[in-house]
Amino acid sequence: MSVDEALAHLRGAGESELPSVTLDHLRAERTGFPEVIYCPGKRDDEVAAIAARLAASSGRFLATRATPEQYAAVRAQVPEARYDSDACAIVFETEALPRVGLVCVVSAGTSDRPVAAEAACALDVMGNTIARVDDVGVAGLHRVLGHVGALRTANAVVAVAGMDGALPGVIAGLTDRPVIAVPTSVGYGASFGGLAALLTMLNACAGGVSVVNIDNGFGAACVASRINHLAASRADDRGPAR
Amino acid sequence: MSVDEALAHLRGAGESELPSVTLDHLRAERTGFPEVIYCPGKRDDEVAAIAARLAASSGRFLATRATPEQYAAVRAQVPEARYDSDACAIVFETEALPRVGLVCVVSAGTSDRPVAAEAACALDVMGNTIARVDDVGVAGLHRVLGHVGALRTANAVVAVAGMDGALPGVIAGLTDRPVIAVPTSVGYGASFGGLAALLTMLNACAGGVSVVNIDNGFGAACVASRINHLAASRADDRGPAR
Amino acid sequence: MSVDEALAHLRGAGESELPSVTLDHLRAERTGFPEVIYCPGKRDDEVAAIAARLAASSGRFLATRATPEQYAAVRAQVPEARYDSDACAIVFETEALPRVGLVCVVSAGTSDRPVAAEAACALDVMGNTIARVDDVGVAGLHRVLGHVGALRTANAVVAVAGMDGALPGVIAGLTDRPVIAVPTSVGYGASFGGLAALLTMLNACAGGVSVVNIDNGFGAACVASRINHLAASRADDRGPAR
Amino acid sequence: MSVDEALAHLRGAGESELPSVTLDHLRAERTGFPEVIYCPGKRDDEVAAIAARLAASSGRFLATRATPEQYAAVRAQVPEARYDSDACAIVFETEALPRVGLVCVVSAGTSDRPVAAEAACALDVMGNTIARVDDVGVAGLHRVLGHVGALRTANAVVAVAGMDGALPGVIAGLTDRPVIAVPTSVGYGASFGGLAALLTMLNACAGGVSVVNIDNGFGAACVASRINHLAASRADDRGPAR
Amino acid sequence: MSVDEALAHLRGAGESELPSVTLDHLRAERTGFPEVIYCPGKRDDEVAAIAARLAASSGRFLATRATPEQYAAVRAQVPEARYDSDACAIVFETEALPRVGLVCVVSAGTSDRPVAAEAACALDVMGNTIARVDDVGVAGLHRVLGHVGALRTANAVVAVAGMDGALPGVIAGLTDRPVIAVPTSVGYGASFGGLAALLTMLNACAGGVSVVNIDNGFGAACVASRINHLAASRADDRGPAR
Amino acid sequence: MSVDEALAHLRGAGESELPSVTLDHLRAERTGFPEVIYCPGKRDDEVAAIAARLAASSGRFLATRATPEQYAAVRAQVPEARYDSDACAIVFETEALPRVGLVCVVSAGTSDRPVAAEAACALDVMGNTIARVDDVGVAGLHRVLGHVGALRTANAVVAVAGMDGALPGVIAGLTDRPVIAVPTSVGYGASFGGLAALLTMLNACAGGVSVVNIDNGFGAACVASRINHLAASRADDRGPAR
Amino acid sequence: MSVDEALAHLRGAGESELPSVTLDHLRAERTGFPEVIYCPGKRDDEVAAIAARLAASSGRFLATRATPEQYAAVRAQVPEARYDSDACAIVFETEALPRVGLVCVVSAGTSDRPVAAEAACALDVMGNTIARVDDVGVAGLHRVLGHVGALRTANAVVAVAGMDGALPGVIAGLTDRPVIAVPTSVGYGASFGGLAALLTMLNACAGGVSVVNIDNGFGAACVASRINHLAASRADDRGPAR
Amino acid sequence: MSVDEALAHLRGAGESELPSVTLDHLRAERTGFPEVIYCPGKRDDEVAAIAARLAASSGRFLATRATPEQYAAVRAQVPEARYDSDACAIVFETEALPRVGLVCVVSAGTSDRPVAAEAACALDVMGNTIARVDDVGVAGLHRVLGHVGALRTANAVVAVAGMDGALPGVIAGLTDRPVIAVPTSVGYGASFGGLAALLTMLNACAGGVSVVNIDNGFGAACVASRINHLAASRADDRGPAR
């Protein structure tokens, strides 16, 4: 290919796209959900343009870590989009997916709520039934022990914790369901922005724990939704769970 | 348990609680003091609601790292609550606990005062007599040497230092009382937000030093109060200390 | 409780156990598989005694990171135990569990084999059907692209990679199944013993990736087995997968 | 040399220079481009004075990471200077250098645009033909695979990516041209300000990747421009590239 | 002071000491126990010489992290010295101190035994009654819950754990006694030689936890012994504990 | 695809390959040189089998970081293979590639020789003319200044340095050719295994420096060879360099 | 000492001091200069009170890292105090110390000026003759080579550099005078707030370099002033330097 | 310069040198002492060849971190060379330099002796009078306080400490002489190979401390020797110190 041909090819490939954006239109087919918009570092008008494009092509979108200003820009183009202020997420769906199975979202402290909310919001729009259990850290063990029934019923548990990050390991010792651990940046000093909780979770003595990035409620939701749909879609073929 | 039963169970368990909050009403019985409110990451109304609930159930509460705005929200619900602006703490007690024993709170520099103040405030509301010694870092050894008598009389010493964090190790070589070291984030550059002082304290050559998180005056107070009450309550049985 | 009562209680509680060992006899009931023996830091005779006790109580055991010497000590007590020298694991099962579902174990390079082998060995003894795909790192993309069919059929994918750790994120963009990423310590210099691969995986741009500790093939197997059994047991109720 | 002689010598050496500034007037002769102004930590008037001096002596200058305020100060002295707001760079050239060869600037995500823009802006003023390919991260492999022709035609590829930083390694496996990898600080949590992407790139399994500092689009441009001019100037002697 | 005077002074000061050694003969008076010999980095003959000197002056000594070779050298000079091979410690006491109070030494896993043994050995020679509870990590909560009575009776709890390091925080939520947490280097990968456990403990959500250096069973014993003697000596004045 | 089909497909795909190995037979076509064998973590027989396969299919191979034992195993299968004991590399070529262009390999100290040797060995087998300059660190500037002519003639400079890693930045200020910096693990203490040199190089003030992994002489050779061939092949069309 | 006596003693000791401040009135006698005020973390009124006390007792003071607001508070109490806005320092001296000897303060880039200014300001008030050399980083070696005469005349060289931090090592190879290296936080990305420059300097290959904390111009001045006074005071006894 | 000319030039430049070695024959003139041989990473015959060359050209040499095998190789060529087994250094001097001034070498613990010995050995061969003070760590302050006279008489103090690294800061508060701090790798766990001591020293609150690399006794000696010679040579002009 000559230099001129290469430049022509690139110009052509970009014509059907937004500037600086290359949408992955086949992601829903490959991975089960359309491309999600990660808002930080994008201008308000970029977020809005991508959202409008996805709304048109997929009938649904999720934008995470969105500011109210970004939401305003989106709503100007997609008026039906709604804003989950706890999760800082923008959601749009022309037709809601059926909510199936059960994912339990557990948090260790009230300060972890924004991350748990992001997980719950993403799980919801991805079509999962959700149960929330908040503020049940290991400093008062009876609080999490009181929810063992639910932890053994869900297809997956998303366990959110900052500071010492001990909760997911304790949960994994109480259930045979997969536990997706989400460290949060809640804490100070030697929490090093969530590093302490992350390391705790990676070193959990109990089996069945896997970990996502610090504060990544969305990422945990992706994993849990894949598991829950796998279990639930098969269960759907045979009738209700027993 | 079926999915529906699990959801019903969770909804029921939450009815008597605040949203996103699961209070640990038995903590005073188990550990000697009611649950303490860690304010960062909580909304003002959440702090106020938790404070009101604790005031009603326990007759006392402590809220650490509170902003003036959070204090205003609390005072609207618990008018007798007071704000310690040095410690950034909100305190409420219907009946003050008796102050017993002696804990010495020592700081290396004037800039460490907020952390020392948090320790002193928590020790006070937890019912400990306190002695403060400020600005006696090891660059001028005669300053701390002048207080050896007090350091050998207290049941526990809380030693607060930033930068090189050398003070607690020097103190532990001068007394046979347990020293709880608190690294602070005072410093710059290679202090790495208090990491240098933390490592110094963990590597103290003198025996008798244990360490809490960076800037965690409250945590040091918890440890010192447990020690002081253990020594003082037993001493109380036999009359005044000698 | 008095000091004498406490000492008596502790002595009593230990009588039915091995010295320094407190077996968790109910772990299989709670989490689906008996306690697993982590061999480093244990003496050969300790490993053998724990193995014998588990063989008697559970009819099966798995010991990870075992040396040949530890295996010799175990075989003296449990002659039917076998040693997987690729995985450095000791396995014993009086009756093999039925192998169900499908888990795909993928590795990026030949040097990652020991970790992939540990995952495969643990998945096998936990009762999972396994497919192995080795040496398909992203430097030659056609290698992993040639296995997309399998990656979309398995209930879970265990993706093992050292150095840049890029493989799990690429796989997660090609399938809708959960991907459990295992960073390995393969590499040198700025791989920092697997830290580079660990961070890559935690920051994977594609959804559906969760991560376990560096070189923790066993931990990935625990997660994948939980997922696979969840999907497969439900599928079993309804006949073969379609 | 006596103290007085030393002081006199230093005063003399400084007379022809700006205060606190020692310009390297021979840099273009030695390295192919005049000294570039790194704006952070410099006062607005300092930036303007250096820019004016370089404009006079070299007929061109580039100032990176400039604020709009710094640009305003520069424009007051060099009215023809222009501001690239995507790249945050100030550019001035009395006579544009001929644009030669081809450098491909590829970015993984829309949020990486400022860094890619800095690379492109610097490459442009240094006299290179540029092709931009944006938002082609490895979560959707078909996007980068669609540009293989261009990647095999350019004399150098600048590959910009945050988060997992996997893109440069994938590109280097698809082409025989040198790939200059630029990690960006895009991400959160365990991206540690771009450290994760940096380590990924340093550990790339594919050969042909070298790395510059986090967010250092300018540094990548310097390397790529040296390579491109080396190839292109020689090619120029023999006619157009084939 | 002139240079010659300084040299003379230094030579004089060293005459009564061993080469390269300056013993702290007053440490027992100041801090309650004679200087302890840290063996790594010392030659066998140095350890033996210091031990002999301490045996003569204090009637007791403790040498930590001693090799069998160092023990052999010591025994040649102090035949009554004994070696605790679990703790790798050399102990000598002409007259045993009375063992008073109660300190509970708890470990999370069998592999943590050497560190727990060092703590127990030091506590013993320092004159403390000890209760050991081993292998009660949080993956099987019922194990530690079964020992709550002892944890609430001891004057101090030394809690030893590697990997996730979650045990001390769980214990501190179950008792009102001070908990001295000892992270161990047990683990691999992202345990980073005990850093993960250290950070977990520094970030423990439950109050009452303070931390010593990784693998520092001896340091925890120093702190616990100071607390236990403080409580026990006062209790002794009033008769047996109730 | 059914589970059985997936298993059959995988078994089929593996038949023509070595166990645990998936050779990338098209790498030379895509990137200019066949797959290179990274020896650590591979068994001797694996290295030999891969080497034999590559010798048959490509007529040449390079194996890096090979032990003498691995070389013995290779020579048993490929008797003409030779061992470069400075570089710890095994080389085989049925027909040597023409050596073209010029790459300068510079090292800062004698202790850096193994890394420089690996770069030189790889550059040689990849068909590049090489000039070596050793032991010219910046503590004696006149040493590197004496080689400026060569540094300005080569198409690329590979600059190898440990400890402070300052050499590549100094070189880049003296030439307009691309400088590929290789940090080495030579040093101790705060060199942190080469991290210090790595960071120095990433922060080089002079333009034109890009960096590869610590001790990665091979990686630098890949980059330099791509640049040198690009320049030389074009130059070849027009006659000798001037 | 009883608890009451201890409290009384502490109250008494504090009466002659400011609240939270324990001045070290003998520091000038011990170390050659009065206590210096580190302003961050101190309230404006605290800085002013300490300054006034030192002005009264010592006739001079230096306050580093002072804000304009802190200066205003000081000037209200000590009107003759002056503010060095480059160094962010407040200086007061009733009688200037004689400026003796020679210290050379060299900086690598214009952005390093605040740190170099702090060093120069402190050296000045401590009574040292100073020579400034700015913006002579190693990217253009001729700049520093032009000042070799001064570098060989000064009693000490303070070398300030950010980014790669290579300048002090190059200087130390050119002179036999002690070089005090000051890393600065100038840079971004993998400079990690000055860590890169710090490590470079600690690993300098040339002898004669010692290092102070990142951005610690004041600390370098203390070291250089001690050296310069030692050399100059002795030289003063024998007449002018030759 | 053509490629052939460059190769010829390089070959010529190397003829008078050892292979892979470029000696800096003018270092003594520039910096006061000939080039020193850093032995790690060099072959025994290389060390011997460099030593012989330096012995011939300079009449003295110092080789640090030498193994007994390297010493044997050296002695075969330079029979008068001697080995300091405490410092692991090889020393040769045809005529000893006069020992002038006074440098005090202080260490905190007996385990720090090898580093202190390296400093003392290097100071000796560089022509400095030395005073040693060993094992005076801050856990027993009276030990260092007993040597204040010497610390105030020396021209420079080299202070060596591992673990908490607190000694240099304490010394700097007791004297007005420059203190060169040497962190050692003595310690374990959170000492992180000497990082803790390094950070402590960089953050020393007392003025007058500068720091060299971990375990770098030689580097501290270089700095102290430069200072001591500066002071002593000037003092020599005026008669004995007073």
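So that you can tell them apart, the chains are marked A, B, C, D, E, F, G and H in the order they are listed, and the count of residues begins at 1 in each.
One rule holds for everything that comes next: a residue touches a chain if its C-beta (ideal position, glycine included) is under 8 Å from a C-beta of that chain, and two chains touch if they have at least 3 such contacts.
All values reported here derive from a predicted model rather than from experimental measurement.
Trainee: Which chains lie in contact with each of chain G and chain H?
Mentor: Both chain G and chain H are touched by B, F, going by the contact rule given at the top.
Trainee: Looking at C-alpha means, what's the farthest chain from chain F?
Mentor: Farthest chain from chain F, going by C-alpha centroids: B.
Trainee: Over half of the interface residue numbers used by both chain A and chain B, so same, or under half, so different?
Mentor: different
Trainee: Farthest from chain A by Cα centre, which chain is it? Let me know.
Mentor: Relative to chain A, the chain whose C-alpha centre sits farthest away is H.
Trainee: So, what's the distance in Å between the C-alpha centres of chain G and chain B?
Mentor: 36
Trainee: Mind checking the centre-to-centre distance between chain A and chain G? Centres are C-alpha means, answer in whole Å.
Mentor: A distance of 50 Å separates the two centres.
Trainee: For chain A and chain E, what's the span in angstrom between their mean Cα positions?
Mentor: Centre separation, chain A to chain E: 46 Å.
Trainee: If you look at chain C, which of its residues touch at least two other chains?
Mentor: If we look for residues of chain C contacting two or more partner chains, we find 27, 109, 139-140, 172-174, 189-191, 195, 198, 202-203, 206-207, 213-214, 241.
Trainee: Which chain pairs here would you call touching?
Mentor: Taking the chains two at a time, the touching pairs are A-B, A-C, A-D, A-E, B-E, B-G, B-H, C-D, C-E, C-F, D-F, D-G, E-H, F-G, F-H, G-H.
Trainee: Can you list the residues on chain B that touch chain G in the complex?
Mentor: Residues of chain B touching chain G: 101-102, 104, 107, 109-114, 129, 131-136, 139-140, 142-143, 146-147, 149-150, 152-154, 186, 188-191, 241-242.
Trainee: How about chain G: which of its residues touch chain B in the complex?
Mentor: It comes out as residues 1-3, 5-7, 9-10, 13, 19-24, 26-27, 35, 38, 40-42, 46, 50, 183, 185, 193-195, 198, 213-216.
Trainee: Which part of chain E faces chain A closely enough to touch in the complex?
Mentor: It comes out as residues 108-109, 137-141, 145, 163-166, 169-170, 172-174, 187, 189-192, 195-197, 199-207.
Trainee: Along chain F, where are the residues that touch chain D in the complex?
Mentor: 27, 30-33, 36, 155, 172-178, 180, 198, 202-203, 206-214, 218-220, 222-223, 226-227, 229-231, 234-235, 237-238, 241
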